């Protein structure tokens, strides 16, 4: 505490982890570019349509016509694990879906696998119903809306019992994905699936009617809100992908030329 | 008069296209029961990935420290248990210091593994606390990040409550400095792909350049394609491809076990599935052809 | 106003500060940041233990509620009552009694044999069976989906068959061709596709993190009430 500023800076410099300088530069660049697109870029940003999300409103109508519930599954991740971003993204869609179900008078069922997600989901649904002026519906049906179903067998039994018209599964899923999707398909439900977990993407793509693949799960909040800062972050994301493609092509070319060219290139990333 | 809608005549191709799925289930179950009761002893080709996994362990000198994370549950027991047993056998054979760590679930399953490796432990005169230890470390990646830096700051007792001060192996690790300096190879068994990413981040990215620590995995077969980029890029030195990989490892070690039983099972079940696909597709294509012909006529 | 700060601004501030500290610790190790993150990790560990206790209490409340509804119902579902209530109570008793005799009376540090018996002969087979049930759903789904309807599905089915034959030990050891083809598919095409999706997911996660830290993504706090 009594050390001079210079000595403190030296300590920080010594504490700076070896080989991380490039990472820091990239991180700062990512933040700056994201901030530029989110805050300062005024031109309207066009993003392509995500049919899976556009389809949700039709699905709510379908559920209303068939007088069957709409099931929304946020997956098995919690707010404290590595899949928290996908869970948070899924909660954004849950809010949107809850508003639709409140508006159309459709029964919403949201099975929860992780207990820690339940208070967040409760808050999201409560607010959504309040915004549609249906707080009384939420208060009476709250217990039937949010059901704790920690095992895949609980969720399969729930689907078989409630026979939803629509099954939306967006979030981090594990091996239960194919079970839930297959059961819903057999009961004639329309399915929208989306997961960030690479292993489960093929199952959703094969079985669901509409699918969000990988990073599309993370753009749902921006897509549904259509706010300029959020859309700006999507533009930043695409530019980073362009950079990743550039490095990939460059690395491939260097690797084709020979390993003697690759090492200096790789050393650039480790300062 | 209301016209009845034209009903397509059900031919043999319709039946082949839509074979009852229950028959597929029955055949798969029967094949699995038969191969479990009467193992076929089919030869197992060794993949480069399994060979690399074996070499990653085999090329380390005696006295190396191997950290084993067993993150499997009852669901994937048939695949991961043979993998854990064969790695422990190999580590004991090589005279490694073994540090196992996990959450609570796998600890309940460990007595089964202990029964299997007891003869190896006795033969090698392994003493618990001196040559091997099992730690209970819940909490996931945030905790592992700190464990690999300094395990003593995270937990002070092993899984049964014995304090670290009474375990010579843990005292040895403390005396060597930061925990990562006592990590020569990390073997991670998991059924979750997030754990694979977490270990690459916390072990390979952080410490591989510093200490040359090796990282190998045993994961389920369906998790191998997403994990392969790590293997191809060198972030992991080898991946044991589920039960099949465990069987290959057992073949390389010369200690047949549960893994080789799984390979027999896989052979028949996969062949039956492929046969159903083929028949279903033949039925589908023939049925479509006939429907198109009728439409043209 | 105070409620708004507590419900929205405070969690956002905590998220931002904690996120920045963990990010900084990645780059600057061995300082007070490392001690803080270590302490926070230990806190996470402690919370984990409480989550188990909370889960047990919550589970009891939920099942007691279900049993009460069953008792009030005209037609009682005995199976549900049995599975919900009695087994739960039984496992609690076995656990508590076993823990008392094991830890307190007999000083056995790990799980007592009686509890292990219930675990190995009841829970383990049930959980393994439930997990194994996934196989049949996958088989049914793949049998239904893998039909050659177009050029793309033809490529999918043929590559799927090659990959499966390559991992079938019987076939792979008879003719190395399938084995090598399967390996080649895995090593080049599958790895390349997975890498691309992983890069996309990684970038998406980073941007999601930035949006969360900058309080743009507040879905977890509930929608803003208008």
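The first chain written gets the first letter, and so on, giving A, B and C; residue counts start at 1 in each chain.
Note that in this section a contact is a pair of C-beta atoms (placed from the backbone, for glycine too) under 8 Å apart; a residue touches a chain by one contact, two chains touch by 3 or more.
What you are looking at is a predicted structure, and each value in this text was computed from that prediction instead of being measured.
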Exercise for the section: With chains as vertices and touches as edges, which is it: line, ring, star, complete or other? Expected result: complete
Exercise for the section: By CA centroids, point me to the most central chain in this structure. Expected result: C
Handout entry: Most remote chain, CA-based centroid, reference being subunit A
Key = B
Problem - Pair exhibiting more inter-chain C-beta contacts, A-B or B-C - result: B-C
Completion exercise
Between subunit B and subunit C, the Cα-mean centres are separated in Å by 17
Problem - Centre-to-centre distance between subunit B and subunit A (centres being mean Cα positions), rounded to whole Å - result: 28
Completion exercise
Residues of subunit A that touch two or more other chains sit at 175, 198
Handout entry: subunit B, residues touching no fewer than two other chains
Key = 75, 140, 226
Practice task
Would you mind listing the residues of subunit C that make contact with two or more other chains?
Solution key: 29, 44, 130-131, 140, 142, 194, 198
Completion exercise
Within their complex, subunit C touches subunit B through residues 29, 34, 37-38, 40-42, 44-45, 48-49, 109-111, 116, 119-120, 123-125, 127-128, 130-132, 135-136, 139-140, 142-143, 146-149, 157, 160-161, 164-165, 167-173, 176, 179, 183, 186-187, 190-191, 194-195, 198
Practice task
Spell out the residues on subunit B that touch subunit A in their complex, using ranges where they run on.
Solution key: 75, 140-141, 191-194, 197-198, 209-210, 222-223, 226
Exercise for the section: Flag every residue of subunit A that touches subunit B in the complex, lowest number first. Expected result: 18-19, 81-83, 174-175, 197-199, 270
Practice task
Please name which positions on subunit B make contact with subunit C in the complex.
Solution key: 17, 19, 21, 24-25, 28, 42-45, 47-48, 73-78, 107-109, 111-112, 138-140, 142-143, 145-146, 149-150, 153-154, 159-162, 221, 224-226, 228-229, 232, 241, 244, 247, 263-264, 266-268, 270-271, 273-274, 276-278, 280-281, 284-285
Practice task
Over in the complex, which subunit C residues touch subunit A? Could you list them?
Solution key: 23, 26-31, 44, 47, 51, 54-55, 58, 62, 130-131, 133-134, 137-138, 140-142, 145, 194, 197-201, 203-212, 214, 216-217, 219-226
